Amino acid sequence: MGNVRVGMVGYKFMGKAHSNAYRALPMFFPKTPALPVMKAICGRNAEALEQARSQFGWESAETDWRKLIERSDIDVIDINAPSDAHKEIALAAAAAGKHLFCEKPLALNVADAKEMLDAAEAAGIKHMVGFNYRFAPAVQLAKKLVSDGRLGEIYHFRAVFLQDWIIDPSFPLVWRLQKEVAGSGSHGDLGAHLIDLARFLVGEFDEVIGMSETFIKERPLPSEMTGLSAKGDASGARGKVTVDDATLFMTRFENGALGSFEATRFAAGHRSTNAFEINGSKGSVKFDFERLNELEVYFTDDADDVQGFRRVLATDPAHAYMDAWWPAGHTIGYEHTFTHEMQELMLAIHEDRQPVPNFHDGLRCQEVLEAVEQSITERRWVKLAEYK
Amino acid sequence: MGNVRVGMVGYKFMGKAHSNAYRALPMFFPKTPALPVMKAICGRNAEALEQARSQFGWESAETDWRKLIERSDIDVIDINAPSDAHKEIALAAAAAGKHLFCEKPLALNVADAKEMLDAAEAAGIKHMVGFNYRFAPAVQLAKKLVSDGRLGEIYHFRAVFLQDWIIDPSFPLVWRLQKEVAGSGSHGDLGAHLIDLARFLVGEFDEVIGMSETFIKERPLPSEMTGLSAKGDASGARGKVTVDDATLFMTRFENGALGSFEATRFAAGHRSTNAFEINGSKGSVKFDFERLNELEVYFTDDADDVQGFRRVLATDPAHAYMDAWWPAGHTIGYEHTFTHEMQELMLAIHEDRQPVPNFHDGLRCQEVLEAVEQSITERRWVKLAEYK
Amino acid sequence: MGNVRVGMVGYKFMGKAHSNAYRALPMFFPKTPALPVMKAICGRNAEALEQARSQFGWESAETDWRKLIERSDIDVIDINAPSDAHKEIALAAAAAGKHLFCEKPLALNVADAKEMLDAAEAAGIKHMVGFNYRFAPAVQLAKKLVSDGRLGEIYHFRAVFLQDWIIDPSFPLVWRLQKEVAGSGSHGDLGAHLIDLARFLVGEFDEVIGMSETFIKERPLPSEMTGLSAKGDASGARGKVTVDDATLFMTRFENGALGSFEATRFAAGHRSTNAFEINGSKGSVKFDFERLNELEVYFTDDADDVQGFRRVLATDPAHAYMDAWWPAGHTIGYEHTFTHEMQELMLAIHEDRQPVPNFHDGLRCQEVLEAVEQSITERRWVKLAEYK
Amino acid sequence: MGNVRVGMVGYKFMGKAHSNAYRALPMFFPKTPALPVMKAICGRNAEALEQARSQFGWESAETDWRKLIERSDIDVIDINAPSDAHKEIALAAAAAGKHLFCEKPLALNVADAKEMLDAAEAAGIKHMVGFNYRFAPAVQLAKKLVSDGRLGEIYHFRAVFLQDWIIDPSFPLVWRLQKEVAGSGSHGDLGAHLIDLARFLVGEFDEVIGMSETFIKERPLPSEMTGLSAKGDASGARGKVTVDDATLFMTRFENGALGSFEATRFAAGHRSTNAFEINGSKGSVKFDFERLNELEVYFTDDADDVQGFRRVLATDPAHAYMDAWWPAGHTIGYEHTFTHEMQELMLAIHEDRQPVPNFHDGLRCQEVLEAVEQSITERRWVKLAEYK
């Protein structure tokens, strides 16, 4: 059994989630043929980094990601630094022959994402992108129903990712609201997940058209930035919000299905409603991340008098991953999706194959994100073929 | 096609519901072989009665129920006066050879209910009791699933009827809170419905034990009594609440199933949650009157990966009564249960058979109500066999 | 108290719903200062018409709508014939000085709708259009919350109208699937309701872009057309579906809110999910017609530890219309929305003012419908200003 | 910062849950002043034990619990062996001056539980009992609302714990179905949790009466026993089920509230529905473990037109423990309740106070369990005072 030695860049929200996944794998999936070794964590603030290292359980720390990449005792680089740092680190790591795990969105734009994929392919490394929602057991069940034809031909996909954490105009201008760091706002942060789920469950996009809005155009400068929470600068200085608060778009998939997407941070009452529905000729499924253990499932061939959406609690042994956790009816949470995700990374490295989703998927997602942005700027339908 | 001429005693909440049912039958169930003719409405307050007559669409009015019974142009007497008036009217009407429809609870006690049943049987009339919830399409579906064995052997029945309309201690002492008029409180008013549903869906009771409480023991005297709403007497005079605010009991059914029942008017937030669940060896069903068009249905033999309660919207053509109303997905309301109930009355009279539920069912329900009361008084399990 | 004498053209699905409303008004809203008199029903098939007349309770019948209009004992003409017949009847009725109630969509296109409005205005009659969903108490509550500013500034409106009644490819080519009769498919039938609700709750549309699809392009010719159900012609002959099975569109409202709309008849498991959500700066509401008595309501200023969507059962006395029906917790159904709608018609005639919604609303809705169609044809954003 | 060295007896379902909690504490609650050190794990099967030790991350293993207790490098003994082993181990550990954590039910009967409490008190150790559901943030919120008087005077508590894992008659006779090992069936396993929640949220029990049933009286002998799953012995040998499949009971609390309880393993479709509702004079709460991140909350003083149960997703910073995990809207799972529970154990040891819940709570729960059993045997109401 060969272990996989991990070096991780970033130690905030995603760094914590990834660390937990690496810690959980040996305990809950002990038969995984390759298990992670938490070699080194990397960040710029030495003090905060040491705190994270100790808290999360990493063997060592590096304040320079270049040094991390140079280390010979690291097999894979896990990048969860802010989006604007992804490319440089990934290119260097690939050049050094390190496998790559990169958080989504893969890059700030299609060109960068393409460059990252090309570099990874040229280097012959494994590359994975962090679309963790694929790894919820209920989403895996949706995928299985689609793949096995149990929903028939797919007609509709509609998805929303609704949050409300910046609805207060006094919430400060954190990095996620600055285009030069985050790339985009709700679109790249939330919409990217929806796009990946759509590709995973329905297929490739043919064309898109979108619209977006920034409802609150100026905000207080933050005194401190971290995760999803922050406080305003005491000085009262304000800055311009340069990303979208909300982005909607419609799509036609290559297989003829119609899609509707909405990502917003201005949906009061929705802390994190990442919800989708698929309608096919033989059935439908509904998912909502706030109840991530559940999938609602409908089949047209149920008996006439008992047709209805079933609330499937995806915690049975028949559901993906669940035999590793607790008895049926005992639910899992958000963080478990990362454990499943990292298992895929370990398995792929062990089996010498590309993980899924990988940089191809990251690039495809980026193309859709960018096509939507272009459709907004140019006020027209944009074909994905324009990106080939 | 023979019509059935109705004389109705009572014109408040139930009188309105019954009138609406008589009006709806010819329009929505035009093929019913016997349709009601709204001959006469009866009450003591001449002015209010005339208002009701005109509003509800009755041909004539009588202020003395004895006169109503004497009329030769009346085939059936519909009794929805307060519970303490049921017996005297029913006995007289039976003696006059009139068919009977009587609201629940049939009587104030088992002895009276027995006397009413005996009189009806002796007179050879048709007799029906107003357990309207049986006639919700979703409840009919539950019955069908049980009867067809699709839920297997029944293990559990649990039911609650939760209301909150008297939770405010300043709500006045309306007739429903006075034992001499109402017979009992939540138990006879709400529990009676649950008992009837249990008998309808599971079977006969073997033994019971209960507990009850009157949380608010004194209330303002009412200035005016009507339906479920009232205002307190300006004088500030108060009277003693002589009925139960809440009654719970457990039962063992003759077929071995276990039952749990709770009726209360002190469940904040529940306007009228009349809900039950049945668990059998092959499946389960759940019903809640606040969503009366729905039945949740579970089958143990669904495929392993898609087991879950189905939310069946019982508005399809496959569901009882629904072809008479609107297209699938277009829901009906509370009042429709009475229309279905009155159709059964019409059909039974036309087909010369007893309607279901009838005074036998009313008596059985009364026996359970009384057995529970006895179990509370004597603090012991009471067998229904003690009432035979 | 002046009564209003009604002549109704059409006697199928909507004719039944309207008839029921006219019957219910005097009983449930007896204090309405003007009540309908069901003078005459009109249709082409004399036999079926007489059956409807008798069943629904109309005084007389006419097989020629021109004769109906000529009658001096008719005050208002209620048009619920197929959409392609609306204009001719409305113009003639207006010319004869009759008030008008017309089912939605008002006309097959903007030009016709405009002509109808102009004629009605010129004739000085009252005119109303049948957007019945406005009249659900839960929708009225949503309106009240928006109007009173309790949701703050509106950011988002998203709505879907999902059905599945034609998902089976063998379902026949009923008139609702033929463009020359129905005008459009899911868009005009279902989307029209969503558009009206959006206008009612959020405001006027600024620009739109849409997409649509006809998934099943040919269907069996029907042997008989009626309501929403039909059987295929035994001959096996097939015809082309000329309307949309599904239409989606996005909008920017004049007040800056973003809107998303989807109407489809291919959403397996959805019999009639007419659902919308509104997100504002101070709160949100959610509505689903399959649970039409409920409105989910969220307020941002709820205490920190108990923030969440409230399930409001809109059956309390505080809710519109509900004091006319049953006690709190006793739900109403689909048909009741028409009763409330017809009360508005009666009140408006009595008070000598235009009902709401009226032909202006019908025209505005038609403009949005047509703008969406144009945006689909021309693959571009279409401004509503192009229709002024 | 003083660490707490743990020795754990048992390594199956609960052993895994506890191990995970000990692993999670330093990472998610790093500021806890005393953190666990996973010193030794103990079990009888050396091979399986070593597998567990390695998988769960314990430093060492012991196959004899007496040796574990003798070790000087252990501060606390965590007992999660089958219920019949609790007492002997606890007494010995207390005698050795070790702090104790014991899974529920504390013992097989009141006498044993009393002996354990007395021994723990005499030894002056800290003692805790494993009622983990108290530690769900949503349950903590319910407690806070009750304690702060925001629900007013409590009238009703009703709770069910519904499972279906043994509904198949061919499911084998695992230890949980054998009275001599498990003490009781659904009552001790599931009912114990409900009783503890009732005591936590409402208060002490005054009197109880119960009923129970064993629906399937004989089952195949198991070939292997583990957690909640097992396979039948190939030989076809069968044994008698000696515990209850379902137990229901009613209670009157000392404060006058009425309680209803049901625990069953025969509720088809319910994998693990641990649900309760509390109704008070000012509001109500509802909880269901299958959606453990949610609490439904109702307040009587909400504005008239927006009264309704709020679905509170207890993942906000205002909710207990949640600042340690993920951003608002990102849910946690079953296992997290144990992490919170073990934090209480660590804090109590550090602060030199008894943890809550402790052996007093375990004993009180045992008294109620036994009073219910006695009430079943003797078919009468049993006062808890009989146990003082």
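Labels for the chains are A, B, C and D, by order of writing; each one numbers its residues from 1.
By our rule, contacts are C-beta pairs under 8 Å (C-beta built on N, C-alpha and C of every residue); 3 or more make two chains touch, one makes a residue touch a chain.
In this text, all values refer to a predicted model and were calculated from it rather than measured experimentally.
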Most remote chain, CA-based centroid, reference being subunit C: D
Result of counting contacting C-beta pairs for B-C and A-B, higher pair: B-C
Subunit B and subunit C: spacing of chain centres that average the CA atoms, whole Å: 36
Whole-Å gap between the CA centroids of subunit B and subunit D: 41
Subunit A and subunit B: spacing of chain centres that average the CA atoms, whole Å: 54
Of all residues in subunit C, the ones touching two or more other chains: 270, 307-309, 313, 316
Parts of subunit C lying in touch with subunit B, wherever the complex brings them together: 13, 17, 19-20, 23, 26-27, 30, 51, 54-57, 163, 165, 227-229, 270-273, 289-293, 313, 315-317, 325-336
Contacting residues of subunit A [partner subunit C, same complex]: 151, 155-156, 158, 160, 162, 164, 167, 209-211, 213, 215, 246, 248-250, 252, 256, 258, 260, 262, 264, 266-270, 277, 279-284, 298, 300, 307-309, 379-381
Residue ranges of subunit D touching subunit C (in the complex, touch as defined): 141, 144-145, 296-297, 299, 302, 304-313, 316, 318-319
